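Here come two complexes built around subunit A, the first alongside subunit B, the second alongside subunit C.
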Partner chain A sequence: MIDDLVVNAALCMLMTAAAIWTVVTVRLLRAAIGLALTSALLTIVMYRFGSPLAAAFELSVCAGLISVIFVSAITLTSRLSSDRLNQRESEVLRRFWFLPLLVIIAGVILYKTSIPIEIIAFEGKTAAQDDVRSIIWNTRHLDLIGQIAILLAGAIGVVLLFKERKHG
Partner chain B sequence: MADSVYVFWLFGIFVALLAIVGFYCILITSNLIRTLIGMEIVTKAVTFLIILVGRSTGNTGLAQSFAITLIVVEVVVIVVASGVVISVFRRNGSIDVNLFRNLKG
Partner chain C sequence: MPTLLIILPLALLLILNLPLLRAARRVSFWLCAVLALAQVVATATHMGGLIPDLGAAFDPYIVLQLRMTGLSEVVLLAIGIVVLASLFTARAMIADHDERFKFGNLVILAMMGLNGTALLADLISLYVFIEITAVSSFILIAFDRDSDGLEGSFKYIILSAVATAALLASIALFMMVSPDTSFAAVRAALAVSQHSFYVNLAAGLLLCGLFVKGGLVPFHWWLPDAYSSAPAPASVLLAGIITKVSGIYALIVVSTSILTVGGAAGEVIMVLGIVSAIAGALLALGQRDMKRMLAYSSVSQVGYIMLGLGSGTALGVAGAVFHFFNHAIFKSLLFVNAAAVEGSLGTRDMDRMGGIASKMPVTGVTSIIGFFSAAGIPPLAGFWSKVMIIIALWQAGHQTASVVAVLVGVLTLAYFLSMQRRVFFGRLREGLGEIREARMSILVPAVSLALITVAAGLFFKPVFSKIIMPVGEMLVK
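This part shows the complex of A and B:
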């Protein structure tokens, strides 16, 4: 139990460090890679917390697809010159030097604070109620309809954004 | 149950830290792609919170279904927002919000 706790806490620390690196790094491409790393570490934590299906989604969609989208967006926007890159580096250092310090201070304060919380265990569940596939397909139809509607809205939105305008 | 409370509290700290990193990025940066990256980090904190609550209450099935819904919404938001960023770049030649003057009243 303790070993599990230590490994999970170490993974979460790595995940937080990866998120900080994502934000602090100067080049956008490195930031996209840092975000994929954060997603991959979150996937491991989710798997260890007993959520394998959501972990697989997180890995394939967030660490894979979203990274590809970010890399494409970065490629389609402008590349910085070396002068501008140096200027950006000092700007980023000036803006983000406080972040690691803030995270450490917030972590220590939250660890020392004790807010009374009560967790009510979910009781009387059957095996079918614990199976995510049965929940998605049998219990939460409305979520599925919402997901399909959102996917269609996203597809239509992208088509409209990239539609060539007729001039004249 | 005391063990569940301790685990929830311990890992809840990391949820809060991820949210702090994401919000800090959104508030400080003027680059649109970096803003999206900050939003992604905040969404990761929310995903982690859902899974953590599922583990603490022993209802991992429902938590996973919520997490999957959140991931689907997240990817659509990022796709559309990236499209908007690319359109803004084509129109203005920059993705720095400090340089935009088109909507200035």
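This part shows the complex of A and C:
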């Protein structure tokens, strides 16, 4: 039987590796796949940590919907020549070779130092223990209005920034 | 009224974008301006106790967790004024009706985010409304779709993402010890767990996130690019109010409602205030680009606000709040004037200007009022807020910080005099004989902002005793 801690640590390391790959890869399609993979791994972590609803949101919105939008947008772009791609890849490798090393060192330091958890918790139910459905529909109306506004801002941004200008 | 300040901008945005109401787009500028003006009038009259809160009739029907305090009123007034200035500048600078309509949409969304930030007493909602403003700002900076704007916007996105990560991590940690995320609950939870490593980490992350949003040194490097590369009306909004509310107002609220002013957080705020005031002023001295110089000046002025806040006394916090308001007004004025100069000359390079006050007298005079207020020259509003901060620092035993504040005032005078000499004074530079005064749409906000700066200075006594000092006492209590 594999220890839960080992599985969680492995998942977190895989997630970090996928995130680094997403940032350093020079090909847009690979970056989109890397992001989807990061989200999928985060979904598993969320589920294992007892947040199935948050995991479902993460999987459907981040790993699903956003990936589809990214891939659709990437199909509208033109490819760099293979020489240019190879050149960019070697440039990125030269500049960011230390990133995985940094993550490993940070992990080892965190494991070795084992920072003591000394929170004196609130004597009752904390905010982190509330039910997600109750939070969304009963107590956070204002935030839902805020989310609508953010979506509208995004929509205006797409219309404005991706539309051809009439003049020049 | 608080409910209406959130709902009305959103409702106006939806109405303007209804497919059947395309005719409304033609009058969208005036509708947006009326909304901002209504906010100014409603807040000013409410502050003065002239009329009862008419909007309160709506509050029981739409239950939102909002609170109206003296501080919120000051901030809401500044938001309304700066939004109006930005809209009028856009009317002069953006020729295309469709583009101006989209700009108005973004300004209204940003206004909704700013209003929400000013009215909230909950960490998660604060984060959501700061994000509304941030997303609108990203698009406003890149509005012209030129490479400078896109680069400035990209830098702002990256730094904002770092700030967002810090804010969310902090909220997550607070949620482990608090029954909810309201300021009162988090403050109570902090009192119980104040020596916990994770709680202190959460407080540190919260402050760091807001330092980035406010553009304090050493988190300031996105700010000059964002301010200078944004189109002129967006610069007015960004420099005048967006970074002030998203970063500095949020810092004032968090450090007085959640953390303890004058404690360890106060020391950190004080140190960053000193560094920002000095570094911002020194960096402003070496600039040729007018908007970049004003941007670095903002970093320095924000340092003053932090010094007042860090002093931990009622007078210091009141001075910080008054300087917040004054800075919103005079910095918007200076950016409106920068737009006027750029519009007439087609450049922001101060070495290619000279003597234009003879051709642009209104812009020249209002610019002098703006920079005199920024430099703390009596009897303008900026003088009083700086004096309040300097006295508060001295009384609280921070004599060194007090002396630094005085010396930075001298530096401020130096770089603004340099700007004034290079741009407005002296003989008219060759090739500038044909330039004209800015259009009325720019002169109206410039003159209005200059008048507010003069009036807030001349009527300092009632402003201090009836509005500013009670706010300082409430926040420290």
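Keep in mind that, in the parts below, the second predicted complex is superposed on the first by the 142 of 168 C-alpha atoms of A that agree within 3 Å, B and C clash if a C-alpha of one lies under 4 Å from a C-alpha of the other, contacts with A are read in each partner's own complex, and residues count from 1 in each chain.
Assume a residue touches a chain if its C-beta (ideal position, glycine included) is under 8 Å from a C-beta of that chain, and two chains touch if they have at least 3 such contacts.
Quick caveat: nothing in here was measured; it's all calculated off a predicted structure.
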item	value
Partner chain(s) touched by A:Val23 [first = subunit B, second = subunit C, both, neither]	first
Comparison of subunit B and subunit C by subunit A residues contacted	B
Touched partner set for A:Gln147, first subunit B, second subunit C, both or neither	both
First (subunit B), second (subunit C), both or neither touched by A:Gly157	both
Which of subunit B and subunit C A:Leu5 touches, first, second, both or neither	first
Footprint overlap on subunit A, comparing subunit B with subunit C	117-122, 125, 139-140, 143, 146-147, 150, 153-154, 157, 161
Interfacial residue positions of subunit A with respect to subunit B in the complex	1, 5, 8-9, 12-13, 15-16, 19-20, 22-23, 28, 31-32, 35, 38-39, 42, 45-46, 49-51, 53-54, 57-58, 61-62, 65-66, 69-70, 72-74, 76-78, 95-96, 99, 102-103, 106-107, 110-111, 114, 117-122, 125, 129-132, 134-136, 139-140, 143, 146-147, 150-151, 153-154, 157-158, 161-162
Of subunit C, residues touching subunit A in the complex	6-7, 10, 13, 63-66, 96, 98, 102, 105-106, 109, 112-113, 116, 120, 122, 124-125, 128-129, 131-132, 135-136, 138-139, 142-143, 145, 172, 174-181, 185, 189, 192-193, 195-199
Residue numbers on subunit B that touch subunit A, as the complex places them	1, 3-5, 7-14, 16-18, 20-22, 24-25, 28-29, 31, 33-34, 36-38, 40-41, 44, 47-48, 51-52, 54-65, 67-69, 71-80, 82-87, 89, 93-95
Subunit A to subunit C touching residues, read off their complex	115-122, 124-128, 139-143, 145-150, 152-154, 156-157, 159-161, 165-167
